[in-house]
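Next up: some structures, all given as structure tokens.
Both of the next two complexes hold chain A, though its partner changes from chain B to chain C.
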Partner chain A sequence: MLRYIKINLVLMRNSFIRDSQMPGYVISSFLWRILDITISLIFFGVIFANIQNLAGWNYWQVIFLYAFARIIIVAHNAWTKRGIQSMATDLIRRGEFDFYLAKPVDPMIMVSIKSPRIYNFITLIFLIPLAIYAAIKSGVPIGLDNVIWFFILAGFGFILYYFLMILCVIPAFWFIRLWTIAEIMDKLNTFMRYPAGIFSEGIKIAILVIFPIVTVSYFPAQILFYPPQPEYIVFMIFITLLFGAVVRYLWSLGQRTYSSASS
Partner chain B sequence: MSAIEAKNISKVFSKTEFNWRNLFKSKKVETTAVNKLNITIEEGEFVGFLGPNGAGKTTFLKILSGIIHPSSGEAKVLGFTPWERDYKYLGQMAIVMGQKNQLWWDLPAIDSFNLLKEIYAIPTEVYKKNLDEIVEILDMKPLLTKALRNMSLGERMKCELAASFLHSPKIIFLDEPTIGLDVISSHAIRKFLKKINEEKKTTMILTSHYMGDIEALCKRVVIINKGQKIYDGGLAELKNKYAPEKKIEIFLDNLEAKEKFAKLDCKNKKLVENNGIIRVQKEDLAQVIEQVFAVFPVENISITDPDTEEVIGKIFQK
Partner chain C sequence: MKKYLSYFYVSFREFFTYKADYLVGIIFSLIYFFIYFSLWKAVFASNGQTDIGNYTLANTITYYFVISFIFRLDVTDFIYLSNEIWNGTFTNKLVKPWNAVYCYLLIALSQVAIEILLYIPFAIFIFIFAASYIILPTLTMALCFIVTILLGIFLSFAINFCLHALTFRLGDQEGNINLVSFIISFLAGSIFPLTFLPGALKTFFMALPFRYLFDFPANVFMNKVPLNEVLIGWVQILGWGILFWLIFAIIYKKGLKIYSGTGR
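Then we have the complex of A and B:
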């Protein structure tokens, strides 16, 4: 564990050095993210100008859900997304995955943390206060037990989101060229900003169980605003562990079939 | 103890070819890259792997380095099964691929080296000692702070090699490390590899299309063609076995000398610009030499073994 922390620190430092040489990239990327957040807030404002609540969630609860979902997404964008995406775009196709297999480290973890974009973390400076402000403004009484369980489930949500990202790129072991699959998560992220109650039963099963993208943000947010329900906690832990096991199994299966690229 | 023991290693790549007209009649195409290869390499040996493009050299190296799984067969490298990816094994092994970079493109080499220090968990003193030593042998101090993207191919390869030796591997697989390099860079790299092999007794497996690399570094060569081993032994024995002949080369400095060469009573002679070349079986050598020395001045005559490249070419054509 200590070894991965040290590796991660070196990679973060390297990312800092590299990104510092590209201020244009850093500034444009930061402005784009702020613009995205602003547009989303405007749309939520428009929606709530016409309705009182969304599946029982008031305006500030929904804003909290949105900000919390964005925190998970942004943290992964800054830390693991680029590395994971490169599996579907470059590493397998060009045979560069060879180097990860030839090192005494876990290739899945190493690939995930290989290309952090440390400046993307800046967006969290806006998102975290927004989430705290929205939680306070929601008017829902939040107890200490709610907060504790929220942080525990948020941790599981963060890990579950990581497993889902990995799951999306695993087919690259077999299909080699999969540029589009790397962008699937970007599309599915949209689901995370809404309460699960707004979806029909079929879609709910799909996004809470089959590909539990909404579970990542909805369950921790639910437990913050409402009395902690054991079945929610058990489900969240169970589904994270289940997806972890599935992802590990499929990754090792893919790694076995990896045939590298010709020299 | 043997560093490498591989028994009956085979690798078959299979690919499904889709046909949009008959989607359910997709065809599975299989290519045998390595076919029942057996090899034993002792610790500290420097072995050259030769073979034409697509012979299976790189695939075999990737199997031995744990990158790909074989379809069948067994192998032990430093006592480990490579494709089980035991960290104890991976920590004692390195692979250099001449056509791929493992270092960070936008960063100075030293930043990539620092990352490798953490990946291999190299103690700081050992890391500093190894780095200083490698930097000195490869004469690459100015490269440490230069971004990889600003380096020439030769400089990049020096950095790749340095990166692969930081953790003092016991075994290293070198896949065409001098590809595309100029004579000076190739020479520097050969010198480095030879020094490390001699001083640290690192087992080295080298694939290269440049015979100069093989001749300068490897006493033993393994020739692979179509996934099968067709020769395993010394370079000198290889020439004796596949080209049991000598090459007599005569510098023909004028027309008169060329006419004399044309009149020589021997087979297998040819004129290449101002050089007359005669290939002679060893049993006929004395008789031909007597004839040649009687006609041409000694300083214009050289007698050599055939070029290794020619010998290898002959083997592949068989």
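Then we have the complex of A and C:
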């Protein structure tokens, strides 16, 4: 564990030095994210100009859900996204995955943390206060037990999101040139910003159980605003562990088919 | 002309080799349609509203159906001019006996053709899924819609080429192009119908040329634009397109003089 923390710190430092040389990239990437947040807020403004609540959630609760979902996404964008995406675009196709197989570390973790974008964490400076402000403005009484369970489930949500990201790129072991899978999570992320109640039963099963992208953000947010329900907590823990096991299994299966051939 | 047709055909064949990539991209792009479908159904159902900003639920769902199609025609991701100027491979196009700009145009068009071809079954699937909500155009408006989107492609090319040509003078523009493209697509109405915007903001968005890329064609499809306004719209698209194309021509011509072909 300590070894991974040390490697991670070195890679973060490296990212800081590297990205500091590219202020243009850092600024445009930062502006892009701020703009994305602004546009989303305008969009929610347009929706709530016509309604009082969306599937039982008021405006500020939905803003909280959005901000919380973005916090998880941004944290992974800054930390693991680039590394994981490179599995789909470069590492397997060019045979560069050899490098990580030959190291005395877990290849899945090593690939995930190999290319952090440390400056992307800056967006959290806006998102965390937005989430706190929205939670306060929601007008829903939030108890200490809600907050504690929220943080516990948020931790599980963070890990579950990581497993889902990995799951998306695992097909790269079999389909060598399928770059689009690197972008799948960006599209699926959109589900996370809305209350699950707006979706039909079929879609709900798909996004809460089969590919639980909405579980990542919705369950922790739900537990913050409403009395903690044991079945939610058990489900969140169970599904995270289940997906962890599935991802581990599929990754090792894929790794066995990896032939190191480049093209 | 023949050599450009061959170039288009070769590009089409080359990109079609990786059709699985396009297919996966299209399948996951459809997610947006289903999210907005669920979202607006919930919005309209929540307090029994029949219309928002002159849009019924059927109008709104049709809007997203048309938008999902127009996204397939969006050339933003298919133009490689900036990247090739920056890495020097642009030289390869310059030294060959053809117009480099036409080549980028044909490469983008070949990918648009693939996207349309692969999108057809999915469009049918969406149509069947949301049949009761989708408004079909009259024959006249269907023809007007086709002309509008063709003009929209021209406008989109002109705007994008302007941005890409800035690479000659300003260096790597990938980040800025992505940023500006994102802003343009928002201003164009790719996220929600512009009519949903409140007063002053709506007027501002409507005054910009970008609405001709998404919002205007979608409204033409839904028979919401009178024929005379469609004609005025076409003149405006052409006007804006020619203006952006002239700006591009100036930047490009000056850019060629300073292009060193060094590559990075």
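One rule holds in what follows: the second predicted complex is superposed on the first by the 261 of 263 C-alpha atoms of A that agree within 3 Å, B and C clash if a C-alpha of one lies under 4 Å from a C-alpha of the other, contacts with A are read in each partner's own complex, and residues count from 1 in each chain.
Convention: a contact is a pair of C-beta atoms (placed from the backbone, for glycine too) under 8 Å apart; a residue touches a chain by one contact, two chains touch by 3 or more.
Only a predicted model underlies this, so the values are computations on that prediction, with no experimental measurement involved.
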item: Combined model on chain A where chain B meets chain C, clash or fit; value: fit
item: Partner chain in contact with A:Q229 - chain B first, chain C second, else both or neither; value: neither
item: Partner chain in contact with A:F175 - chain B first, chain C second, else both or neither; value: second
item: Touching partner for A:S260 - first (chain B), second (chain C), both, neither; value: first
item: Partner chain in contact with A:T190 - chain B first, chain C second, else both or neither; value: second
item: Which superposed partner A:L11 touches (first chain B, second chain C, both, neither); value: first
item: Superposed arrangement, angle subtended at the Cα centre of chain A by chain B and chain C, nearest 10 degrees; value: 90
item: More chain A residues in contact - chain B or chain C; value: C
item: Contacts of A:S20 with chain B and chain C, given as first, second, both or neither; value: neither
item: Superposed arrangement (fit on chain A Cα atoms) - minimum chain B/chain C Cα distance in Å; value: 10
item: Chain B and chain C contact sites that coincide on chain A, given as residue numbers; value: none
item: List of chain C residues in touch with chain A within their complex; value: 18, 20-22, 24-25, 28-29, 31-32, 34-35, 38-39, 41-43, 46-47, 49, 52, 172, 175-176, 178-179, 182-183, 186, 191-192, 196-198
item: In the complex, chain B residues that touch chain A; value: 13, 54, 58, 62, 65-69, 85, 87-88, 90-91, 93-95, 97-100, 102, 104, 106-107, 111-112, 114-115, 118-121, 175-176
item: In the complex with chain C, residue positions of chain A that touch it; value: 24-25, 28-29, 31-32, 35-36, 39, 43, 46-47, 49-55, 175, 177-181, 183-184, 187-188, 190-191, 194, 197-200, 203
item: Contact set on chain A toward chain B in their complex; value: 3, 6-7, 10-11, 13-14, 17-18, 21, 94-96, 98-99, 101-105, 110, 256, 258-260, 262-263
